[in-house]
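Just so it is clear, A, B, C and D label the chains in written order, and each chain counts residues from 1 on its own.
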Amino acid sequence: MLRNKWMLVAALGASLLTGAAYAADPVKIVYIPKNTGNPYFDSIIKGFEDGCKKLGCEFTTVAPATAEATSQIPFLTAQLQRGVDVVAISPNSPDALNQVFDRARSKGTIILSVNSDMPGNEDHRDAAILPVDFTKTGPSQVELLGSQIGYEGDIAILSATTDAPDQNVWIAAMKDTLEKDPKYAKMKLVTIAYGDDDPQKSTTEAEALLANYPNLRGIISPTTVGVAAAAQVVETAKKADKVKVVGLGTPNQMRRFIENGTVDAFQLWSPYNEGLLAAYFAVGVKNGTIKNEAGTVVEVPELGKVTIGDKSVLKTQADLTTFDKKNIGDFNF
Amino acid sequence: MSLVRRLARAREAGILVMLVLFSLVVGLIEPRFLSGETVRIVLLAIPLIMVAAMGEMMVLLARHVDLSIGSILGFSAIAAGMVFRDHPEWPLFIGFAVAILSGAALGFVNGLIVTLFRLPSIIVTLGTLSLYRGLLFILSGSKQIDPNDIPEPIIRMAQTSPFGIPWIVIIAFAVALATWLFLTFTQVGRQIYAIGSNPGAAPLRGIRVVPVTILVFTLSGALAGLAGIIYAARFGYVNPGITGVGFEFTVIAAVVIGGVSINGGIGSVAGTMLGVLFLGAVQVALPILGVSGFWQNAIYGGIILIALVIDRTVRAGGIRGLLARGTA
Amino acid sequence: MSASEQRQGVNQAGRESAAAKPRWKILLVRPESVTFVLLILATIVASHLSPFFADLGFILESSTYYIEFAIVALVLTLVIIAGEIDLSPAAMMALTACIFGTVLKAGAPVPLAMAASLVSGLALGAFNGFFVTVLRLPSIIVTIGTLILYRGLAQVLAGDKSIGSFPSWFVGIDYRMVGIVPVPVIIFVLASIALGLFLGITIYGRQIYQIGTSEMAAIHAGIRVRRIKMGLFLASGLVSSIAGLMTASRLGSVRYDLASGGELTMVLIVMLGGTYIFGGRGSILGTFLATWLLVIIATGMTVANIAINAQLTVMGLLLIVSIVATNWIYARSQR
Amino acid sequence: MSTPGTGPLVAARGISKSFGGVEVLRNVDLDLAVGEIHALLGENGAGKSTFAKILAGVHRPTQGTISLAGSPVEIGSPIDAQRLGITLIHQEPLSFPDLSVAENLVIGQAGGSPLKRVRWSELAENGKRLMSLLGVAIDVRQPMRGLSIADQQMVEIARALASDSRLIIMDEPTAALTPKEVETLFVIARRLRAEGRTIVFISHRLEEVRAICDRVTIFRDGEKIETAPTASLSDADIIRRMIGRPLGEFIHRGTSHVGAVALSVSGLTLPGRFENISFDVRKGEIVGLGGLVGAGRTDVARAIFGVAPAASGSIAVNGKPVAIREPTDAIANGIAFVPEDRAIAGIFRTLSVESNITAAVPDRIAPHGLIRRAAEKAIGLEQVRKLRIRLASLRQPIGELSGGNQQKAILARWLLSEPEILILDEPTRGIDIGVKAEFYEMIGDLAAAGRAILLISSELPELLALSNRILVMCEGRLTAEIPRAEATQEAIMQAAVPRSGVHSHSAGAAA
């Protein structure tokens, strides 16, 4: 907390002294997460900070209070007015920001979509930094749960909202895997519930799952709010041995459940690395050392080589990281 | 006139009938709804709303409204969570005290502004809704309180107690009982009803409207603070941007379903409890029926409007009075 | 209850009539005066806070994010002067915009979809007006109910999908410029002049003040109170759908959470403009100045990288302080 | 007159009170003895209610001191008054409609901590006892909502009894009561006096004052005129002191020619308010409408004007039936209405005199919707001159004017609409005595100019002086029509007071 406040002061100070602070004209990067107070994005910010420390770029972050579609726009405009070179953003809407992006890019500002892309609107941003190969999320989650329940029994999915694009892609892949891979033939997907990424709603939905399906063996929740709610419900109902919970969660959010045995394992990737990669990529593109086109290889000391893919998409890692009792102590985000 | 009185008395009975009918209809569509498991889920879902609803009910009884309870809940939960996280060695009751006292303090400020400047509470608390949320972001440094920062005994409150019923349920019903005793058997409790019933006459009758009004807002804040602890217990973490957002509308919906008049003076603890139960049943029924969560807000809004019309009808002395022209 | 005391005082008769107040004193208690002073102060402070602030083009561009609310706030000013309030316009903006998007997606041409949005705006306003004028329920509570209901219906209609791919001529109203002034700002200025004249020199404006000052007296003077109030709620619905369409054009897409929390901003603008929360007093000029005050404050804080938590705090404080100040000045002027 | 050896219970010295710069009480000295019933008399607006409210802590005096039982006291609030043993029975009963009768009897009473336990059975017992003492059959467990005004008034009286006060102030307590209830009240009042309590009795009814009051104090124009033993003054003496000049001067020598029927009302009914009201008003005629407060007179006027239309019955103007659904319809038919409660239903307090005067004639100042300042100013000035309205500027807020000038502005508003039928509801309430005479003159002139006038008034001398005929209402019904020749105060009162002794619970609205 202390460090955070200091950061704020530093940012404020920097903003007041702009003009005199950069004799060497460092690249100015701003990151706009979905909303403030979300621990997930704090890790991305940390990645940016560490990256910029090494590269000598100037980094700030600003965020709206709510993850509502338009709440990022005033911040975006203000940053452009401040003359930043690179805007990295985790957009709250796949299309509401298009107009502002277009204008920023016409003035030479680089727009990076971080952590999620803008499906269908890829030509409004310069590149996307994604944490993992999203096609692997679905099968990987199914395998994780299957291994815990002996590849047999009723399972359910607790998702975010019915229209959440990422989650829907993953769920489709999960269904596909369950249907086509004979390994999972005995696992039966009984329902998909939607908790709207709201703790209360997710909790009620998870409770309804337990009530409606007495033979339920497992829940996959590919959203951080949902997986925590599901774990909490299973713990409260004292059914941890019967119903296994897997999903995508952050270590800090899930640590308790891992340590008390409610949850055996869950998955995620490294948001920190996203920030790091984004910083390296941004500085490289701005300085002309990296060509923003498919096939170019970006080298980040901590990550190794990352190749720019189709539609200028960069992925920090290929496979998801699995967290369990053995390794969770190594992570703090 | 007798119709008015009968309707007024029948408020609680009416909600009970609504609750039973609703459960039966849902049960007919989806028999799984009528199970012991549902009762357990509903009981777990309602303490959060019930505790805050008791406070909001008192505010409405005094012919005011408190829109800031969601932010107060968030603030108190963060404050208590920070105590738990930064001082794990302190006894737990300090966290409780911090939550309840910080809530009471914010409620006190609401009451002070409303009475000191004679402003409509709805506008004042719309302002403090934003103000308190801002303060809680500042207090928390925009950092959430993670599950492993919340002590084990707090989490267990949502799971068990020596009596088998989870502590949070016991707390909720204890708060309801205390509220009932307070409103029914103390001078000041009756004065709350009197102020809401006729705010103009209250000071002429020797009622100290200003302190009583401030007290009501303070109690509402304190109970929202207590609800903050229940939130931490039930959901296992507190997030500055999520915890308590939109909570005020849920609570107001529950209270007005419970027959508490938005024009003050009318309402009972029993009715409010039924209102909370009804809302809990709706919340649990939606996923069981497979209705999209997107309907929830529309249903709340509709319920508030219907309750308003019913209240107006009762006060106007039935449908005929409602349709009578001219100025009332 | 000082008001009732004063009433009784008047009722119980008096002898001498007090002398009229001097002009300068009347000017001093004009509701807009404080707003104007604050506007100048805020501009100075914001310019010192960040070197990037003092750029007219930038301020005008940033203003487009608040202009939609401000246009609604102009009508809300009339509603509040008439002694009522409407807390649902932001939700109406979302619902009518979602209706626009849905109709468009169903294959209708843009003009038809726009018409659907405008008509639904009128219908939503009429729904509010029905509760207030026919059932005689307090508007402050009714519109809290419809605020939740309309937003909920928008959610039912659109889920959390964003509805987009509007034709390109429809998109980007805020990038169309007249000189360096974006079109929404032009609309706002024109609407301000029109409503200012409406309120200032037409008989309806006069009657709105009279209704807000004393509804009973207005009824007894043969003023069609219900009709005028219904008209105001209809106007509120209509202007909300216009603002919703402007937002849709600016974003190029709509979602149920469009303009969420906007009711706070709208009420804030009207209150900052010195309009009296209990009706009978206020002006379009005040709301106009308050809009720029808000734009300056919000933009100034954002461009100075002041964290959002401080911004929430400032906005909440501003609302409360502005009502307290207006009430205080008003009470003083009555002495 | 106070008992020798003991000082007065209340000694008020130099009490003055102003509201917004307008003085309503001037330098009043008054002693109230222990164990007396003391009448405060005066016309409406003479200051007696204000004085009573100062004693009860509702208002604070601008100047002056009050001593209670010899020691100076500060009565800053109703709570202070209660603690000092002073209770006020309000003219219009105060109640908490959602609380039970029993609770209404005690709520807010001083004493005990806020957390003191409420003992419900005791409350009910206590309530029953008080009700039987007053001889009324009210179930104390039912909520106040729905009680008639008379019953509410009895609860208000019971409350004063329950409070065990040494000074009980009754502000027109009998206005809504039946003779039988009034008698019970008097019995109780005498007993309270015997217990050594002091009662202040405010009433317009001289016979009641004679029946129980030991002394009377007469107020006029905010000043105390005289305190004297009741027996030492004749009715004529009292009236002379109240109005400052002999009654005779007021009588309008009707010179108007009474013409055809202008307004005809038949079978007008609004359930709960009034029933089957039929009468005619002719051109050039002043028809008085008398009755007690709450008899439904104002409701009838509001119905004719369309503010709260009747449920059934018909209204005809100049022989043609008209449908009046809202005031606009009434105005279109040439009806004007000067309402009783000027502060609430008459003036726009913070708006200019000008805009107040022109409020009912939008078409004359704004022919195409746009206001013509010049026309408005001309109209305003003309009215100010015609009615001799005293003001500093036409743009001045009307609230800054005196009551009489406010009322003139309202009258001006309606004269602008050139009405054929003018309904005046208590037109001279709260108006200076001098201005009152001007009003009487104007009303007479209006009738002389051929306008039909319906005059509602609670001041019997006013009715008697101005009316060609007097209609009387009681509990929502017309009970008498008295030609001028036969009209006396007694005749009017007889028709105005309910006879049955049983209230109809439906007639419960304030006039």
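Just so we're on the same page, a residue touches a chain if its C-beta (ideal position, glycine included) is under 8 Å from a C-beta of that chain, and two chains touch if they have at least 3 such contacts.
Everything quoted here is computed from the prediction, not taken from an experiment.
Listed by label, the chains that touch chain A and also chain C are B. Looking at which of C-D and B-D shares more C-beta pairs in contact, the answer is the pair C-D. Seen from the Cα centre of chain B, the chain whose own Cα centre is farthest off is D.
Chain B and chain D have centres, each the mean of its CA atoms, that are 44 Å apart. If you average the Cα atoms of chain B and of chain C, the two centres end up 30 Å apart. Distance between chain centres (mean CA atoms), chain A to chain D: 73 Å.
Of all residues in chain D, those touching 2 or more other chains are 307, listed in ascending order.
Each of the following residues of chain A touches two or more other chains: 36, 63, 65-66, 161-162, 196. Across the assembly, chain B contributes residues 133, 137, 142, 203, 292, 294, 296, 327 that each touch 2 or more other chains. Touching pairs of chains, sorted by label, consist of A-B, A-C, B-C, B-D, C-D. Touching chain D in their complex are the following residues of chain C: 5-20, 201-204, 206-207, 209-210, 213-214, 216-224, 280-281, 334-335. Remark: chain C residues 49-52, 55, 58, 61-62, 65, 159-162, 164, 171-172, 174-175, 247, 250-253, 255, 257-261, 298-299, 302-309, 311-312 touch chain A in the complex.
Listing the residues of chain D that touch chain C in their complex gives 18-24, 45, 47, 49-50, 59, 305, 307, 326-328, 330-331, 337, 339, 341-351, 355, 359-360, 362, 365-366, 369-371, 390-393, 395-396, 399-406, 413, 429-432. Touching chain B in their complex are the following residues of chain D: 58, 77-79, 81-82, 88, 90, 94-99, 103, 107-110, 112-118, 142-143, 145-146, 302, 307-309, 311, 325, 505. Touching chain A in their complex are the following residues of chain B: 32, 35, 37-38, 41, 44-45, 48, 133, 137, 140-144, 146-148, 150, 155, 158-159, 166, 234-237, 239-243, 245, 283-284, 287-288, 292-294, 296.
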